[in-house]
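Letters A, B, C and D name the chains as they come in the text, with residue numbers starting at 1 for each one.
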Amino acid sequence: MSSTFGQVFRIHTFGESHGGGVGVVIDGCPPRIPVSLENIQRELDRRRPGQSEIVTPRKEADAAEILSGLDGGLTLGTPISIFVRNTDQRPGAYDEMAAKYRPSHADYTYDAKYGIRAPSGGGRASARETIGRVAAAAVARQVLDTLHPGIEVLAWVKSIQDLNASVDPETITSEVIESNIVRTGDPAMAETMIGRIKQIRADGNSVGGVIECVIRNCPPGLGEPIFDKLEADLAKAMLSIPATKGFEIGSGFAGTLLTGREHNDAFRMEDGKVRTTSNRSGGVQGGISNGENIVFRVAFKPTATIMTSQETVTAAGENTELQGKGRHDACVLPRAVPIVEAMATLVITDHLLRQRSSAH
Amino acid sequence: MSSTFGQVFRIHTFGESHGGGVGVVIDGCPPRIPVSLENIQRELDRRRPGQSEIVTPRKEADAAEILSGLDGGLTLGTPISIFVRNTDQRPGAYDEMAAKYRPSHADYTYDAKYGIRAPSGGGRASARETIGRVAAAAVARQVLDTLHPGIEVLAWVKSIQDLNASVDPETITSEVIESNIVRTGDPAMAETMIGRIKQIRADGNSVGGVIECVIRNCPPGLGEPIFDKLEADLAKAMLSIPATKGFEIGSGFAGTLLTGREHNDAFRMEDGKVRTTSNRSGGVQGGISNGENIVFRVAFKPTATIMTSQETVTAAGENTELQGKGRHDACVLPRAVPIVEAMATLVITDHLLRQRSSAH
Amino acid sequence: MSSTFGQVFRIHTFGESHGGGVGVVIDGCPPRIPVSLENIQRELDRRRPGQSEIVTPRKEADAAEILSGLDGGLTLGTPISIFVRNTDQRPGAYDEMAAKYRPSHADYTYDAKYGIRAPSGGGRASARETIGRVAAAAVARQVLDTLHPGIEVLAWVKSIQDLNASVDPETITSEVIESNIVRTGDPAMAETMIGRIKQIRADGNSVGGVIECVIRNCPPGLGEPIFDKLEADLAKAMLSIPATKGFEIGSGFAGTLLTGREHNDAFRMEDGKVRTTSNRSGGVQGGISNGENIVFRVAFKPTATIMTSQETVTAAGENTELQGKGRHDACVLPRAVPIVEAMATLVITDHLLRQRSSAH
Amino acid sequence: MSSTFGQVFRIHTFGESHGGGVGVVIDGCPPRIPVSLENIQRELDRRRPGQSEIVTPRKEADAAEILSGLDGGLTLGTPISIFVRNTDQRPGAYDEMAAKYRPSHADYTYDAKYGIRAPSGGGRASARETIGRVAAAAVARQVLDTLHPGIEVLAWVKSIQDLNASVDPETITSEVIESNIVRTGDPAMAETMIGRIKQIRADGNSVGGVIECVIRNCPPGLGEPIFDKLEADLAKAMLSIPATKGFEIGSGFAGTLLTGREHNDAFRMEDGKVRTTSNRSGGVQGGISNGENIVFRVAFKPTATIMTSQETVTAAGENTELQGKGRHDACVLPRAVPIVEAMATLVITDHLLRQRSSAH
């Protein structure tokens, strides 16, 4: 049950980092939605390794194949299966890691839970698993464009360590974000961030940061209280991404410093629509979208793999040391931007379809 | 589908704040678990109005009735239904609110979604809905005590606005938390927090803050990657609580300031067990518990209802003002502590039962 | 998970035959559907004991109370909870049964599964549990009448033992079925059936039979291949009713005697619609409704409780004899007719709402 | 949601008959279960075309590939994906069928539901979809053999039209069933059945029949009342198989002719176990297995594709005639035997795992 996400637009991901490949089955996609391999490949290319000088240099083409569910460029209403075969397998590079638990990785917990573990790479815990999510979201994107055009989902790097970008969620564009390899929304900060990542990598160390995301033009009425509130499903979606440690929406943790008088969003009519004059709610009230921009932030810890000797234990239960090696991201955020967008797109698409079943 | 939480230990809540009552049906509770009305009522009393001088003075006994699923003090393995009849209904007190959208409440979004809304109180969006969750968690607590004794779930007020409590999750006790009416884990800070809440209330204003929670003695191996990671389900659980705006686990947002070298938790053998020498992971790695304390924090915004005139609109679409009145919490955190514990208990119980199905 | 039925229009039933009461929570009902207590009570009265001279003489008013989800006679889009308190409890009447396993009842299997059992009545395995289903279906009926008027669901007694009714599913009316206490669709056969039931009851014995059901004016397109085919969900719904042993749709088992040439339903255009000139498919092709009448039959075994001494064993594992007593139906079919209709109504309503989410 | 089956041992099938291929993702398989490609391929070979002179002569190797979830011959506890690439695609053979609705096929209903349809073959409605089920069941079989050795699932052809096999579910063996190409359990009847199928095929016609199945050594206690009763889930499983029109368990429809005194199964102690002296219940009482053999039957209609001219309509809504052609089974039952076994195996495995979560 654990690899399924969504209630109506439902995805099932599968695959380990070093087995046959990774992929996804989408069930519940409406029929007659135009989908092309190009839609999917474009998004996969945004998250693949080797795309720039600040991400892991691993060479993985991540070439997608659509196995089912489409005919003549249209969805059939049947399960859509998308598969990416693994190619860059170097089991040898992971021999030491197989015997020793990498600190702050999932090696130990997978052993504790399953009593067995894919012997190389990160198995299912690898970020490679997110390929299926990104591919599915590329299809979801087409569903939105067909059934409810105009909804935009944009994420960007808000901070790298203490380096903060200044970004206006109202006006930020995809062009600005994609104009720099760190995918921050603040071009003036991009070079500084890139410099920090390079410096940290040169030191064999790693850094984390915060990704911010906005969903614009989301119609009011999405979200299913009590438990499937829109922010609850967004929080779950984000915390399911590897390396995430926090989620906040609207005013978030900083909002706890305000009083109610400072925090409340006043309602005003504007062009015949109910609008709020501020947006500390972050576009969601009572678990339901209110038509304002949905704005949230996700905390990513520094990459666990570092090029340093670290204290750890062996699978056999002996204290030891582990020397990190291999080709890894010193900072996952540039490649995590499309993953955050993907999960947000999946949540919105699912809730849009859920709302349709009871609307009248 | 929206009022169901959990996969194996599954709860379905129902009820509006001013209808017949509120309650819960628990499906999937193992048989032969000792459960008493006292178990349930004790937890309900911790979240009910009128319990202290800093919460709403509304008089609601919140007396629970068990409608099914028990015989002779033991669960039957069949659905357990628990019901609390509404008693303190004063529809008149809400007349103005029925016509005008209360800022930062769910009035407008419920209308936008459903095209209809319970005319008084907060209907389903009222915090009164959480009664069902707390009652269900009291049963879940008994499941844990029977099947896996020793797991502790403790929450406390970590901050009220800028007032921060100093609490050690390793050693904090229920006695300390319950020793003060604000339910902070730092008795030295309690009076200051209580003073702040009283002052804010006297001003007709409101405040929020942060609740911290620890789960101790959780066995390694709980959590179901990829999407039902333990932290993902905790995040969803917490963001489904009214007035929450953020969730973070372990190092959280502050962890994004560290480098990987500073952040990683080294493994060490201790008494034959794999342990970590620090706990920035917050007890979860790769979505699975690692046996360390699970520590997370939840941000609560200031209460939306304030005793002030605010700009808003009518349901008919005209700009107007609304004067807050009624008996409300100027700060929800003291009563939210048992709700945070309840949701955490539900998540752990569900994952414990899920893990049992595949363990061998 | 076991007491939930449906995907979008989702019901959760609860309650034992001799505990506090029985009921249901409906989640996923669209908002603004007119529902009254009368809608619900009318259907409950059709299945309650004591309604005629050929059913159990137990006096149970089965008076429903709506606990949540409605305001001003309209659904709110929130969970609807309906409760019927138990009144006619005579635990004494079941003392012997508590210690001895009644043959062909669920006493032994409940003990085998749960290691505990409601000590009197039948607990959750009692037909009394179906009250929740019938109440929920009365709400579902209102959903159909509002969102897709014209869909009819009618069931009738097709046979009692070897006594077969002659009924035309195209033209049968509710008035004809309700005109006789055995609820057969063939008034000419009613007296014979009633006589058989009285004779069997006088002998302390019991009988079963077949209930047939038609769904008329069902739109084409309902059913969700591959696993949630309309006939698969109907089969599950029917086999979840106590005492059922078989299900067949359209030509059913008799259809296995025909050749394909005899069995196929030719298509013809009629008034601009695609129609079939025969209906051996029973209104469903490839798991999806085709617009023709959906016709199926359900086999009910003879009531397990008989007024005879039977060989059995005690819960302690000793051979013994059990003398049946109490007030039971010698034939459950007259009271099962509204239950079959209820389950069929729930299936159609759920599939209608499911189809709406992807239609465009 | 429609292509998912099971609650804990959960399968998601995908693929059309003439697209890239067909397959399945299994989620919830316990870790450390020995599974080999041979386990899977052996079962696929039992259902593939071209295996004998009485099934369709289409040449499809149906060679499986395991894409994920295994390492070193053991399951990892992660999703297992199995894929069979389509090879024998002759779109040309179906041109006429694409434009005209084949009688008693799913062509019209798929168009009515989705507004689009795979243009050749049968798409998702093809029996080729069952490959994923059979592959998943081969894995489930390994789960049973590891966690609860001794459970047997055997199906056989019980009747072809009016030709009835005489088979004892207590003693029938796989060897007997596999000893004849029609897969009946009564070798004396095999030649007659084979002759009938050949004769019908020579006539361009088709036949159906009944498949019977026994589950032996199933432990008492499986099945999840009220809605997920074991017989309810078996009924749904069977009615989800293409061409099925009926399901009965134990005494089934014939049992409606008996009185309660004749029908009840007396309990007796035997070797310290609770047993029944007869088995009209079919191994299930109150929705829960009682330890006796689970015996059920499934009705299959005659194959819809016949080599005859039939009246039908075009997708454009005009009356026309369709001449059947292509390579089809004149009788699907020999190849449906492993499919019935597969679905029964999936149901039992899922319920075994479900029961484990609450047992204590």
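Methods note: a contact is a pair of C-beta atoms (placed from the backbone, for glycine too) under 8 Å apart; a residue touches a chain by one contact, two chains touch by 3 or more.
Please read all numbers here as calculations on a predicted model, not as lab measurements.
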Exercise for review: State which chains count as neighbours of subunit A and simultaneously of subunit B.
Suggested key: C, D
Review point. From the centre of subunit C, which chain's CA centre is farthest?
Key: A
Study note, to complete from the structure: Taking each chain's centre as the mean of its CA atoms, subunit B sits from subunit D at a distance in Å of 46
Review point. Just how far, in Å, is the C-alpha centre of subunit C from the one of subunit B?
Key: 39
Check your understanding: Using the touch rule from the top of the page, what residues of subunit A touch 2 or more other chains?
Key -> 1-4, 7-8, 13, 28, 31-32, 77-78, 113, 124, 225, 354
Exercise for review: Sort out for me which residues of subunit C touch subunit B in the complex.
Suggested key: 1-4, 7-8, 10, 12-16, 19-23, 25, 27-28, 31-32, 65-72, 74-81, 83, 113-119, 123-124
Exercise for review: State the interface residues of subunit B toward subunit A in the complex, per the touch definition above.
Suggested key: 1-5, 7, 13, 101, 103-106, 108-110, 112-113, 124-125, 129, 159, 161-162, 200, 205-210, 220-229, 231-240, 242, 244-253, 255-269, 272, 274, 276-277, 280-282, 284-291, 299-306, 308, 310-313, 317-319, 354-355
**Study point:** Residues of subunit B that touch subunit D when the two form their complex
**Key:** 8, 28-32, 77-78, 146-147, 225, 353-354, 356-360
